[in-house]
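Next, two complexes with chain A in common: one pairs it with chain B, the other with chain C.
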Partner chain A sequence: MTLTVFELRRMLRNPLIWAAAVLAIALEGVRAAQWWPDLTVVTLRAVTASTLVAGAVLVAANLAAGRDRRFPETLAALPGRAPSRTRAVLLAAPVVGALAAAVVIVPLVLYGHLRGPAAGSLDVWEALNGVALAALAATVGAALARWTPWPFTPLLVIFAFLALIFVNGLGEYGGWALPWIPLHDPTLGPRPSALHLLYLLLLAVAIGAVALLRHGLRLVPAAVAAVATAIAVPAIAQADYLPKPPPVACRQLDGLSFCPRAGYEPWVGRWAAALRPITSAVPPEALADMPALRQDTFGGLPQVWLTGVTEMSVAGRVATGVAGLEGGPACGKAQTVVALWLTGLVSGLEESAPADWTRPPDPIEKGPGWHEYPLTDSGRSSVSPGRLPGVVYDGADLVNARALLADPGAAVKVRANWAVLTDPATTTEQAAPLLGIAPIGGAKACGEAE
Partner chain B sequence: MEPTLTVHDLTRRFGRRTALEGVSLAFGRGVTGLLGPNGAGKTTLIRVLATTLAPDAGRVAAFGLDPADREQRLAIRRRLGYLPQSPGAYPHFTAFELVEYVAILKEIDDRRARHDEVRRVLAEVDLGDRAHTKVRRLSGGMRQRLALAQALLGDPDLLILDEPTVGLDPEQRMRFRALLSRLGASRTVLLSTHQTEDVTTLCERVVVMRTGGVVFEGTPGELAAQAAGQVWLTTTPPEGTFWRTPDGRYRTLGHRPPAAVPGEPGVEDGYLLLLGGEQVAA
Partner chain C sequence: MNGALVVPLGRAIDWAPLAVAAPLAVAGAWLVPAEFGVAVVRAAGAVLASAAAFALVDGMAAATAATPVPRWVRQWARTLMASLVAGAAWALAWRLAGVPGVLAGEAVVALLLALAGAGWAVRHVEGRAVALAGAVPVLACGAGTWATPGQGWWLAAGPLVLVVAVAHRDARPVRPSRP
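Moving on to the complex of A and B:
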């Protein structure tokens, strides 16, 4: 007991563990600030950040449990014996590890919660997975110290763990038997977090018992290891995503219909606000034909929200829809210029091709809304999402849309001529007098030379 | 008086090498010095006595207890202070933490009593002002003193020290001798050393080992007496092995060189003649 307290106090003062905790909070906190708070994602990310602490705890527990290799002869002659030293580390290190993990996870989740309106749901079991993971790492560190004499095995184990969870982020190999699965596909349903927590705790107990078995094959640790493994393995083998909650009702706002996934209702107002430059620029009847924006389909509303990037992609979807574009080549059409202009209202058009870029390299379509441009003359490859999903346009359309964006009276002109401008037969050249721009490019196939 | 520690017909082998063979000894209160050349078996004997190494054959008893028995071994360890030849240390502990860690394993459970005791033993080895220095920042001699400090924890009845004076500066060696002389008055102290001066200045008894066996057992005076009539002083360098004395003369052992006067035999002379008499005196 005295020894456990001693180890506890030492571990509590371990700079490695607390440096890892501070680093985890800082790294994840900075990153989180760019995303709309989504408690489901925030919790997963916080636990993933806390794996840094788990790694530090693994090393610290390993050093503590392996400490007596540094002065074996002195310790051998003392009444306090090796199993009690192992036991003290096995009790102290998981407690401190769990505490340090909680110190990382709680503020990150709270930060997400307080930044509201937060979507998603806070799964306490999921958060506790991080706490259990650090405790498990502590027992692994201690067991490694007892069973392997090499000081670098903890680093190898940490490396293997990182490879498993980050290269194999959705648990493609190993599934729920992995100590942690950092990524989540919400369309699959809620994760079996409570079961996974139980699994981690049982694993920690089993590995702790295995560490003690190094001191001799005793009945109690052998039985504990066997029972814990016997429960943990079948339990995790049949773990699966939970049934999806029923869909929630769609909500009308600013003339659009938003259909969030369960738990994402708080974001409807934010979605609408992000799209307001478009919804307030187009005539109301243009919005009437827009299909509902659904969050649970690919190409619909986003699952997560990265400020600056996600606005552009959602704006692209809505702009394409209201302008009546149907996908495929659309160079030189008034529709295309209007749609690009609408996205420009939300996120500007600066980042696109340079103004003198009238003949873009032919884009290679990689998927809906994704065009990859081949190497440019300067030798750089530019990979960028097209602004308008499924629609192929070129630099001339961008230049024309940018001219329109520069005109403060553009909204009035567009609204007044909406029907003509969104007619697929109208070319940019024909629409130029209505828009008050001097277009470049002319009517031509996409990528065609002047 | 009943001896604290007895060994009878002790044998220990490492593979084909015999480190101890048929050693029988008894140690009572007072300080006993263990001398012998490298590889003589001193450390092996000490490890058996300190319960960290089991003998292949023979009997050991400390305080009448048998270290082969688990419970009795524990009882011996509770009354033992041990400084190994290579004590090692944990570099990330402070001096205080290292000694406290050992104190906990010595079952000094009360926190306040333990801290007092740690401070006491650190003061005994003159490390009071280095208590909060990390072990890796201590000098070699300071580490040796730290290792000695942990052996003193709990004021053990039996103190076994393997080469305790290695690396100590002259002042610390004096301090150590004073400490052990005091402790030896009421306890059983066994120390191995290569410094015959340690034996002269603080041991009541001396045991000399060679190739796993005991070749001498007696008082330091008796060991010195082995060289009676074989220590010579000359004013010019004699033939064979010799060394200088502080007063500028030459000292040699064995046959009398021409124009030599007899010198006063010391423990070292006795020891050298006992072990390598033939070569030294050649």
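Moving on to the complex of A and C:
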């Protein structure tokens, strides 16, 4: 017991663990600030961030349990023997690990909650998964110190875990038997977080017992390891996503119809606010034919919202619909310029923005003007300012739209001449006097790279 | 540097971490589907860097202080030998995965971070386990910047070489103290 208290105090002062906790909070806090808070995702991200602490705890527990092998001469004189030292680390390290993980997870979840209006729901079992992961890491560290007295093995375990997170983020291989699935596809339904928590705790107990088994085949640790494994394996084998919540009704706001997924109702006001530059610039009848914006893959509204990037995609979708563009080549039409101008009201039309036919950037280096656009927690696409889905326009249209954007009185002119400007037969040349711009024409045929 | 230095140091270095990490990195790059090539090569850079850091541990540091070869020469010789092995393994993994060369800067920085961390740690603490300090800056940087590979990493390489050089400098003044 004295030894346990000693290990506990020693580990509570471990700078590695607390440095990892500070780093995890700082990195995830800065990252989270760019996203609209979705408590489901916030909790998952906080737990993923806390695995940095779990890694530090794994190394700390490994060093603590292996201490008597590194400095055998100084410990030989002590009354306690190796099994009691292992037991002390096994009791102390998981407690400190769980505490440090909680120190990371609680403020990150609170931050998401307080930034409101937060979508999704807070799953306490999910948050406790992070606490259990740190405790599990502690027992793994101790077991590794006893079975593989070699300081590189904890690093290998940490890197293997990282590889699982990055390559297998949705748990494609291994499913719920993995220690952690960092990404979540909300279309699959809520995660079996309580069952997974039980699994992690049983795994921690089993691995702790395995660490003690290094000191000889004793009945108690062997029985504990066997029972914990016997419960954990069948339990996790039948884990599956929980039933999905029923869909919720669409809501009308600012003349647009928003259809959120269950739990995302708090975002309807934010969506409408993000699109208000468009809805307030166009006459009300223009919004009448606009199809409802649905929060699914092809419905216009993504599952997540990255400030500064998601606006581009959603604005392009709404502008295309409001201006009545059908898709296909639309170079030199007044309609196209108006639609581009509308997207510019929301997200600007930066100079590097490419016209639509430009190939999206390669996965490593984004091209100029392209932004990585998150569709879900895991799915990625690319977007550029002014992108009108399915519509082909050229650099000249972008230049004309920027000229319109520079005019503070543009909204009045567009509103007054809405019917003419959005007639598919009106060209930019014809509309130039109405818009008050000096238009330029495209150098090449529509859809051909310049 | 000649054979009289390289051979004994080559035998003194703890090659076991690199002997595990190098086949893992190469096998990973070879076996994993192409869509994960970038992730595997980046992870390989971090693993190999952390493994190379173990080469800096001099188990006989107390005794080798008396050798005619200064500490900084011995540490740089260890650094170069480990870097060559880690670099060769990374290059092979990169080749097998068939991913863009832009990842090289990041891998070099990971290696330098690991060497700086471990180089600093072995100055102050004895024992094999202190080489774990090499992985700390690698993991800390990796946690913050995973999503942004690119050429910018090369900018960090110069200062990091200086940090490594500072860590490798002689442990005590060469000039004998006055009687």
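Throughout what follows, the second predicted complex is superposed on the first by the 396 of 450 C-alpha atoms of A that agree within 3 Å, B and C clash if a C-alpha of one lies under 4 Å from a C-alpha of the other, contacts with A are read in each partner's own complex, and residues count from 1 in each chain.
As a working rule, a contact is a pair of C-beta atoms (placed from the backbone, for glycine too) under 8 Å apart; a residue touches a chain by one contact, two chains touch by 3 or more.
As the structure is a prediction and not an experimental result, all values here were calculated from the model.
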{"item": "Partner chain(s) touched by A:6 [first = chain B, second = chain C, both, neither]", "value": "first"}
{"item": "More chain A residues in contact [chain B versus chain C]", "value": "C"}
{"item": "Chain B versus chain C as contact partner of A:78, first or second or both or neither", "value": "first"}
{"item": "Contacts of A:70 with chain B and chain C, given as first, second, both or neither", "value": "both"}
{"item": "Touching partner for A:253 - first (chain B), second (chain C), both, neither", "value": "neither"}
{"item": "Contacts of A:16 with chain B and chain C, given as first, second, both or neither", "value": "second"}
{"item": "First (chain B), second (chain C), both or neither touched by A:24", "value": "second"}
{"item": "Chain B versus chain C as contact partner of A:440, first or second or both or neither", "value": "neither"}
{"item": "Residues of chain A that lie at the interface with chain B and also at the interface with chain C", "value": "63, 70"}
{"item": "Touch list for chain C against partner chain A, complex", "value": "16-17, 20-21, 24, 28, 32, 36, 38-40, 43, 46-47, 50-51, 54, 99-100, 102-103, 127-129, 131-132, 135-136, 139-140, 142-144, 146, 149-150"}
{"item": "Residue ranges of chain B in contact with chain A within the complex", "value": "47, 50-52, 74, 77-78, 80, 82-92, 97, 100-102, 104-107, 109, 111, 147, 150"}
{"item": "Residue ranges of chain A in contact with chain B within the complex", "value": "1-3, 6, 10, 63, 67, 70-80, 85"}
{"item": "Contact footprint of chain C on chain A as seen in their complex", "value": "16, 20, 23-24, 27, 52, 55, 59, 63, 66, 70, 150-152, 154-156, 158-159, 162-163, 166-167, 362-365"}
